[in-house]
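Two complexes follow with subunit A in common, the first pairing it with subunit B and the second with subunit C.
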Partner chain A sequence: MAEVEELNKPLFAGLSDVSIAEDIPVEGDITVPLSSHGVDDEVSTLDEPVKDTILRDLRAVGQKFVHVMYPKESSALLRDWDLWGPLLLCVSLALMLQGSAADNQNDSGPQFAEVFVIIWFGSIIITLNSKLLGGTISFFQSLCVLGYCILPLTVAMLVCRLVLLGSAGSVSFIIRLVVVTASFCWSTFASTAFLADSQPPNRKALVVYPVFLFYFVIGWMILTFSPSH
Partner chain B sequence: MSASEGTKNTNTEPWGGFDDNIIIQGSGSAVIDMENMDDTSGSSFEDMGEMHQRMKEEEEVAEEDGGEEEDGGEDGEFLGMKGLKGQLGRQVADEVWQAGKRQASKAFNLYANIDILRPYFDVEPVQVRNRLIESMVPLRMINFPQKIAGELYGPMMLVFTLVAILLHGMKTSGTVIREGTLMGTAIGTCFGYWLGTSSFIYFLAYLCSAQITMLQMLSLLGYGLFGHCVVLFVTYNVHFHSLFYILWLVIGGLSTLRMVAVLISRTVGQTPRLLLCGTLAALHMLFLLYLHFAYHRIVEGILDTLEGANVPPIQRVARDLPNVASAVMNATVKSVAVLVHSQ
Partner chain C sequence: MASPDDLKFQEFEEAADLLSADPGASTLSISHPSVATASASTGDIKLDLSDDEDNQQERSELLGGEKQSIGFWTFEYYQSFFNVDTVQVLDRIKGSVMPIPGRNFIKHHIRSNPDLYGPFWICVTLVFSVAISGNLSTFLSQMGDPHYHYRPQFHRVTIAALAVFLYAWLVPLGVWGFMTWRRSTERQTSAYSFLETVCLYGYSLFIYIPTSILWLIPFEWLQWLLILVAMVISGSVLVITFWPAVRDDTKTAAFVTMVVIVLLHALLAIGCKLYFFQSAVQTVSPGSPLTAAPLNHTALTRISKPQ
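Then we have the complex of A and B:
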């Protein structure tokens, strides 16, 4: 019995070393086949001209824009998500919303930062909320969907600026109100078409409300925007 | 080729894998010839092709020279000093990466695991609606500890709604400038009130031996903000002074009474009850008063005096109104005042 124990002791003593050694071959086996694929892919996309890379990404972004404007197919945005589109939209919206910065010294910085913070912070909160409510969509997929669905509001911002160039009276206010309300409803509807599928059916209202609030705040910022001439 | 050694061997790859041999040999040779430094030695995969090539060459060389090369072939089995250093560096880098990844994922799973909060968001829309309505209905039964729902979805949504309403109120009170500061102020005020007051009342409850947990206190106070949202939404659009006071007393009072009743039902003794409920009632009602006046003072100032450069002293955020903006705002407010007074 003592001999058996003595035999066992070295075995147990070596366990602490064995754990690390076991990790390496397992991970080595798993990673090596992938690395050989990675070598080929990296070589092929690294050597292509920059124009090709940019155009390929732009085409992907444009395709997703089309999916947002006509939200009938709900898998393309989720399958290959990317954050270029949301970044482009966020930056263009923030730039357009700070147009009245010329005369007042302190406007440009806080306004741009404010829009940025609202959009990204709001998207993160909504994503966390939908995950906590039992959603099956991943973190970045949700960020991608929410960012792309800002497109109607960005279009509305463009229209508002053009309308404000013409006149600043009550007629223009009514036009702007109608445009912003329509685009806000469009944004909310488009994003719920993508997001609500990943939720249990009786909890859709719980996910839709924060999205509604988020786009409402952005729409409100667009509506109350008034450049100083 | 790798089976020629008698030591423990974990290789299964054709190119030899990360061999234990290399470590032993690397640690054995104390002198490393710096002249043979490889430019690409490090963690790049392009080395693989190079190594493969060199391995084949070594094999051919070993076959030609036979026994004489055997020892040399075994020592630098892989390939001479160049490949050896790169191999060693790669393995070290690999180990460091694995260790770091393990640590990071452990820390992440421990602290950033949102599944901790998942049970508190397990609600149905009907339940949320019922709790919203119940938050305005004071209880009659205070001898029996009342049940408080421990959920965080409703309170969080209410806090965000309050932030949105505050933002709207600040916009309509004419602050065209420095919106960045005001946005931060709105979020900071609402969340600070919710979290700070909950913590403070929880601490007082601990002192007074009341039976309430932190989650329940957060939930209770969060739902109590529903009355605030309603009052502010109405009074930021209808600038009628006495209307605000009536709503403050009625709606604010109802939600405060509800919270106070729940707390009384969970506390024993007259003095603790008085302390706890008095503090909560005071904080809750004063917060509503503060929210209304801090963000609407400037409208009242202009209504009363109709002057442009009158900045009230209570403003925490400096609002410099240039003459153009204040003139425009004067005109709109005057017309609103005329409309309101004519009704």
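Then we have the complex of A and C:
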């Protein structure tokens, strides 16, 4: 121990006398090879501007909307599931379906809470049903698919409201009927395109029927919407 | 050792076949479970009868229909109630619509595999079909009235759901409880498990779905005829199924049980018709006073609103 101390003393003692000659170049670059550039980016999303965060999520939601409108056999909806899209669609649909509150409460259309409950509880029950029948899809993936496939029906609701602004006769009813039927078929077809692969083969119809019923009920609510006079 | 699920079905079919074909072999394997005989059939018997207690327990489970081996807090327990294929569900629905005397619905169609898929989704479909058809029929009957403003009447869905689901769960509970009590006191031979009763009632409600859609046709006599037909079909499915279980009882008890079952079934149909399909006022002539129609409509609403 004493030897080490003795060795250390002369080492540190001579440091103050070290002088660097001016003609020896001491400048240079130290480059550390960055192996995982992406990991650093994800870790630091806390520092990015809020606009970037919101836009990234919105872009993901918009991309899934495109996937729903053109249902191919892509697995993007299943892989990167999120529930923002379904929430957005459900809230906008419930707002548009808001019945007239001024009239007799007993005979009015579905209120906001009723639509919300039907959509979310319906999705949960259908997901439970498909899992109980032996489906391999996860709970939230199924909720995501069912929620996103409400998009055609929301578009139909928008069209119906616009049509009702014009007139409320039988011509408008036929237009609304055609639009709602088309979007109901589109929704059912899109959701079965995404969900069908994860079901056992001899129970596919058992899983598809509740989805059909679900979108049928939502389509019925849209079709029977009558604005307050 | 294979899972108990694999062994259940195997042991019934193979044991029954092999016992009928070769009764001597089974006794051999019981006394000498380690004897390795050449034929493959006795090897199978050895597998089946090697654990006597397990086999007896599984047989009694099959007879009783209760799934007690898995805990009710696991997901697999509830998955066992959905162990049906599309073909089986369609077959059960067909059996509920075409009652053949002598063909017990439970023994013939359910066969110790009661499912909850059929009853649940048939009840949901019935709720929506009754509510939607009722709404449509009110709309169609009031179409000529210019003062009539179409209303979706969404609260009817809630009421329909309450009525149908209470019927589909409480009545089987009552019937099963009553029959189990009679079984314990009166020495009846067979009783159905609670799930089988729920299954039977759920599938028997299927006939009301097309009936509720056909109720849209605005002829009063046709609607009552449809109720009669549906009640006869559905009631006979119930009667044919429950009769073998009840006939060992005293005559009066058996008769009263049957009557109560049919009566409750009829009450559901008539209640649905009266509440949801208020089609009493047909527009006799376009010249009828406009004040009369809304008055009758509101009077009907007050009369048929259940309290």
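One rule holds in what follows: the second predicted complex is superposed on the first by the 175 of 229 C-alpha atoms of A that agree within 3 Å, B and C clash if a C-alpha of one lies under 4 Å from a C-alpha of the other, contacts with A are read in each partner's own complex, and residues count from 1 in each chain.
What we mean here is this: contacts are C-beta pairs under 8 Å (C-beta built on N, C-alpha and C of every residue); 3 or more make two chains touch, one makes a residue touch a chain.
Model, not experiment: these values are computed from the prediction.
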*asked:* For the overlaid complexes, name the partner, subunit B or subunit C, with more touching residues on subunit A.
replied: B
_Tell me the contact category for A:Phe225 with respect to subunit B and subunit C: first, second, both or neither._
second
*For A:Val117, decide between first (touching subunit B), second (touching subunit C), both and neither.*
first
*Please indicate which partner A:Ala205 is in contact with in the superposed arrangement: first for subunit B, second for subunit C, both, or neither.*
both
*Does subunit B (first) or subunit C (second) touch A:Ser92, or do both, or does neither?*
neither
*Where does A:Leu213 make contact in the superposed view: on subunit B (first), on subunit C (second), on both, or on neither?*
both
*Touching A:Ser172, do we find subunit B (first), subunit C (second), both, or neither?*
neither
*Shared contact residues on subunit A for subunit B and subunit C?*
103, 106-107, 109-111, 114, 129, 131-134, 202-203, 205-206, 209-210, 213, 216-217, 220, 224, 226
*Which residues, counting only subunit A, touch subunit B once they are in their complex?*
21, 23-25, 27-29, 32, 35, 38-39, 100, 103-104, 106-107, 109-111, 113-114, 117-118, 125, 128-129, 131-134, 202-203, 205-206, 209-210, 213, 216-217, 220, 224, 226, 228
*In the complex, subunit C residues that touch subunit A*: 75, 78-79, 81-82, 84-87, 89, 117, 121, 124-125, 128, 132, 135, 149-155
*Once bound in the complex, which stretches of subunit B touch subunit A?*
10, 12-13, 17-18, 45-46, 48, 94-95, 98, 114, 117-118, 120-125, 128, 153, 156-157, 160-161, 164, 167-168, 171, 176-181, 183, 322, 324-325
*If you look only at subunit A, which of its residues touch subunit C in the complex?*
99, 103, 106-111, 114, 129, 131-134, 202-206, 209-210, 213, 216-217, 220-221, 224-226, 229
